[in-house]
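Structure incoming, see below.
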Amino acid sequence: MRSDGRSADQTREIRITTNYTKHAEGSVLIEVGETKVICTATVEERVPPFMKGQGKGWVTAEYSMLPRATAVRNQRESAKGKLGGRTMEIQRLIGRALRSVVHLDALGERSITLDCDVIQADGGTRTTSITGAFVAMAIAIDKVAREKNLSRFPIHDFLGSVSVGIVQEAACLDLNYEEDSKAKVDMNVVMTGEGKFVEVQGTGEDAPFSREELDSLLALAETGIRSMIAEQEKALGPIAERIRRGSHASARS
Amino acid sequence: MRSDGRSADQTREIRITTNYTKHAEGSVLIEVGETKVICTATVEERVPPFMKGQGKGWVTAEYSMLPRATAVRNQRESAKGKLGGRTMEIQRLIGRALRSVVHLDALGERSITLDCDVIQADGGTRTTSITGAFVAMAIAIDKVAREKNLSRFPIHDFLGSVSVGIVQEAACLDLNYEEDSKAKVDMNVVMTGEGKFVEVQGTGEDAPFSREELDSLLALAETGIRSMIAEQEKALGPIAERIRRGSHASARS
Amino acid sequence: MRSDGRSADQTREIRITTNYTKHAEGSVLIEVGETKVICTATVEERVPPFMKGQGKGWVTAEYSMLPRATAVRNQRESAKGKLGGRTMEIQRLIGRALRSVVHLDALGERSITLDCDVIQADGGTRTTSITGAFVAMAIAIDKVAREKNLSRFPIHDFLGSVSVGIVQEAACLDLNYEEDSKAKVDMNVVMTGEGKFVEVQGTGEDAPFSREELDSLLALAETGIRSMIAEQEKALGPIAERIRRGSHASARS
Amino acid sequence: MRSDGRSADQTREIRITTNYTKHAEGSVLIEVGETKVICTATVEERVPPFMKGQGKGWVTAEYSMLPRATAVRNQRESAKGKLGGRTMEIQRLIGRALRSVVHLDALGERSITLDCDVIQADGGTRTTSITGAFVAMAIAIDKVAREKNLSRFPIHDFLGSVSVGIVQEAACLDLNYEEDSKAKVDMNVVMTGEGKFVEVQGTGEDAPFSREELDSLLALAETGIRSMIAEQEKALGPIAERIRRGSHASARS
Amino acid sequence: MRSDGRSADQTREIRITTNYTKHAEGSVLIEVGETKVICTATVEERVPPFMKGQGKGWVTAEYSMLPRATAVRNQRESAKGKLGGRTMEIQRLIGRALRSVVHLDALGERSITLDCDVIQADGGTRTTSITGAFVAMAIAIDKVAREKNLSRFPIHDFLGSVSVGIVQEAACLDLNYEEDSKAKVDMNVVMTGEGKFVEVQGTGEDAPFSREELDSLLALAETGIRSMIAEQEKALGPIAERIRRGSHASARS
Amino acid sequence: MRSDGRSADQTREIRITTNYTKHAEGSVLIEVGETKVICTATVEERVPPFMKGQGKGWVTAEYSMLPRATAVRNQRESAKGKLGGRTMEIQRLIGRALRSVVHLDALGERSITLDCDVIQADGGTRTTSITGAFVAMAIAIDKVAREKNLSRFPIHDFLGSVSVGIVQEAACLDLNYEEDSKAKVDMNVVMTGEGKFVEVQGTGEDAPFSREELDSLLALAETGIRSMIAEQEKALGPIAERIRRGSHASARS
């Protein structure tokens, strides 16, 4: 039994509120336990210089925490004048993960920027950001697909993410902050609806881990990600169906 | 009649949700119409170098907008590597305004940082930030006052703020974004519960304004700020009473 | 009686030396008491990106102090690697104020940059910069108007600025540094030759101020600005006449 | 058969030249095929602020490429004025990996900085840096252990790293640049001499990967890392023995 | 005959106005022809970290140009966010040159900062800065010597500087901007009152120069620097005598 | 006799290894005693903005030291976020020196960037960089000349550089670090194969130097540079002949 009463293979409560703010093409508030992230998707009719003229789109992400999302206030990176390594690592991860389920050529020469702003942090902010950003992205791309009459729905699979770790010798799913700070192994996994891995990032800084431990962590992650994707499907309603159809089109192509 | 149906001397709907996030010593979500700002107050048991050893406290503020708080996405200042002039101007204003109603010596050698993060913008973000930050600050200082047994409540008056402007030749209260962008004169006013001015910042970039226009704007601002302060009192409950008592103590001293 | 022998409604001695340096299209040394500012105007046949293709001009300003303009040496902002909030606030104010008396469409697609470099500071550096920059701008625009045969003189009114404040319970005009540091209320006012307000920025950080105090400060500011504009007219000679005519043209249009 | 004639489970030639430069406490040139990295270890008798007073040491790393280590010249990060996300991600990874085999308390309150400077790049620069940095660190720590008479050898296991990936549907070991740029899945693995994982970072940006693919990649990585560690042992000579003894001490404690 | 009527071995008119601004411990306006530089000296009772605890003083310099000191406006380095290479090179040169004539131990643990701000540029701004900064430094150090009762005058020789160059095959003294931009060889020389070299910096980017050319340039430089030092002596009045005495003390020691 | 057994007019051993890395158009490892620098030349078919459309090429240089090239580790400039003054001064010097022997119009509208990365420092890193960069540049330009069929070989003379100084009252050639740190006068000289000066930079911060001292230093420098150029000729083989022919062409033109 864990400190918050969950069993080892149980996620925290997941809530996804769509259309959370009014200006963005897609926006959600995602809450996984006490971790809360606002994810917005912005569509722009241009791509970064290195993508120009290829007829393909681009998906990128930015990640930030409000200074007081955490127990102790963090200095703003805008005030420091530069992004920290952790922020860069996370936003590169989010962008890369999201692109793995988007047909960039079906999107056309436009870009989607996902802003993930953590307003309250209690562990798993990067995995929660990925899960939430997927929903915001789907809403925005659905809008583009309808307005621009895209011939094929550009998202071909769901994408969820969760953290797992070894806490007091036990493999646990969806660590909260307290567990995360005690974990000897920490792993973030991103997986598609089809059950394939997009990212596996495991770190045993405090203690290296065996192949058996790795296997049990991956099994837990799969369970957790299925729950995340189930919530995404509920939140997306009819758009979920379009993703499933995109997926079939993709399988046939 | 204004585009959203209000009369010239009417504010938008004001909502203040206290304890909006869990880590900060004080936190509120303030909504004035469609403008939404998360204000958190952080207490730290130290003051900036220039204040050390004086036995006095410090109050400061930081202001930021989420990239997609606005109709068009703004680049993050952390990504640009520096704060813009507008941001600096606003956060200096918020800090200065809040300090005007705090007895820094009654606070003791500790600092309060107010983070104002705009999650949705529709005009008046700086005035809304001041009004919301006052409530977050009062909650945090009340916690300090009780935990540290301060002999005197360090806040001696309420503090509200509103924008006014001349839109199509008419003086209007609490401009939304659409009005603000058409206004020929734009003024931000900060006022205490006692009805005194803390800041008056009027700008007639597009057209200079007469003394009569200035007078009518100041009158509207006073009306609007009374509404803001009424909402602060409701949101603060028993803490409001402690501010009123601090005010009397202040008057006697 | 004030420490330097002036009455409450008296400005310090004002001196404006035109053509102070040889390269700029317009340049002045303005001295208000011991405050000395070099203001130069640069004309460039291009506008910033956000103004392109509109057939209109642009006016902007930069402000800086020599490190030893003050009693204690200030670190250069170039060495710090960024502009401080105070500098940004001041240069935004100067630019905004100057634009209020310029017909940007009469100027044509070119820009005027006003550099205000304080070589000695004794209070009122931002207001002195505005007053001096107006003269440098007028000289430069006059040169453009003649060389490019502009059909209409692009400046339609004079523009002066002064600080006022409440020092030891008395409203005083044109504060020097010593007074400024003791003032409980500090206000900067920018006004046109016609007597209309362009900027009113009053701050009562140390003590909020009443409506009566505001009224007396505004009255003093008007007196002071009339003196500033009188000196501008003397310094500008025949160009002053062109501004007055531009003003009439403007009134008729 | 691969383009350079290797079989799928074969690494490129590995060469480790110790004492490559004269000033550093430990230094090696490591070459894995055409990838060449200078790794130096610097010992300093102080730790970063966040580690002070705990009686423990610290190990950290910095990574950089010479501008022309690659086919196309890259702009220096010193000229850009900031570190890119990729660099930060890599240097965080190297530091974290090295710390996993060091008893920070046996090291005492001193820090080891590993500088990994890529002078020629042909794929696998981050894994080569880890393998080389381990050797430079071991030489430097051995010097400290002897000079300061440490009671226990602070390194308790070997540490090697290699990249693996799926290239044209085949799992391959130790990708060169050409293979890396065609790989649909790319994985970096860090492992100890004991055969435990320290880092597993797999990315399927271009195509998600199945559990079976993950398993075959991990098996290849283990093979490759054993080769890397065999070369480390040869290069370290008698120091290798001290690490093995540190490991036993560690197992007993 | 040169374009401004001077002979090849003639400097432009030199004017040194002492006590040009009121706050600095030493300040001059130096004019060499149309080149005008404000030099101020600031005394601070502390030294940089690398000099602490040695009982010695420090002398350093900063150099800047007003944006419109030149025919075309230069962007401020504070706005760019960094100092350019040329600025750094010049301020390092000025500091190094000034230190060569100061007994840092006689100065005691305090620092002198020389700010050289070019308000109008017409060639030779770095050499003019050195010549002017020497005078500002001497005034400031004289003040220190008297106030702190230093046992020995810390300046032991005069220091002047001038530029020379080869323009249209002729060696010329004290180049103005027009000549400087046509010169095939450009040399800056700094020399003491005693006639010894402190800096010789000759550059033949457009054409290498022979030993004979170098010799004739050095001879011209010596002539020019004697004129500069003669003006320094006039400007310094009784302080010049103290420098001469310091020089003798130095010779005896 | 010097500490390393050399006579006053003797350089350290010079070794130039060409084609040291595989990607650059030209690359060398140059060793002068224990000072080791990797110099690479990159050819790009474009010039910087200020050179565009003139039909001429450009040559520029960047200089850096590995953090542990020196006895004490230096912080990376990329981590500091800016280039230091010393670095800028050196890279400006290298670029300027190299351009002096290149016909920029014969090169055509393309640029050569020389990266000089010091991997081990023992005095004379800037002069060694110049000598090595010349060889890397010659190899790269030779490749361009052959591939693009340039009608004239763009390099018209050799270019070598050495440091000289006055150490314990004796003029010495090619100072190592230990000598350099004790030298009272330090001079860097750059000279062409023809024996003309390109740069003479002498500094007597610790003690001004006489004309006689200057003369003896220049004579030593000439000797040393002849040795450097002899090594360049050996390293360049047939390319050396093309430079000699370019020189004759140049003499005739």
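Going by the order they are written in, the chains are A, B, C, D, E and F; count residues from 1 in each one.
Convention: a residue touches a chain if its C-beta (ideal position, glycine included) is under 8 Å from a C-beta of that chain, and two chains touch if they have at least 3 such contacts.
Which protein is which chain? UniProt says A, B, C, D, E, F = Ribonuclease PH.
Just so we're clear, the structure is a prediction, and the values are computed from it rather than from any experiment.
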> Just going by residue numbers, which of C-E, A-D or B-C has an interface where over half the contact pairs are the same as at A-B?
Replying inline: C-E
>> Can you compute the centre-to-centre distance for chain B and chain F, using the mean CA position of each chain? Integer Å is fine.
In response: 61
> When the centre of a chain is set as the mean of its C-alpha atoms, what distance in Å lies between chain E and chain F?
Replying inline: 29
>> Give me the residue numbers in chain D that touch at least two other chains, ranges are fine.
In response: 81-83
>> Ring order, please: chain B first, chain C next, then the rest.
In response: B, C, E, F, D, A
> Which bits of chain B are touching chain C when the two form their complex?
Replying inline: 82-86, 88-89, 91-92, 96, 99-100, 157, 187, 191-192, 194, 196-211, 214, 218
> In the complex of these two chains, what residues of chain F are touching chain D?
Replying inline: 21-24, 27, 34, 36, 38, 40, 42, 44, 62, 64, 66-71, 73, 76-83, 87, 113, 115, 117, 119-121
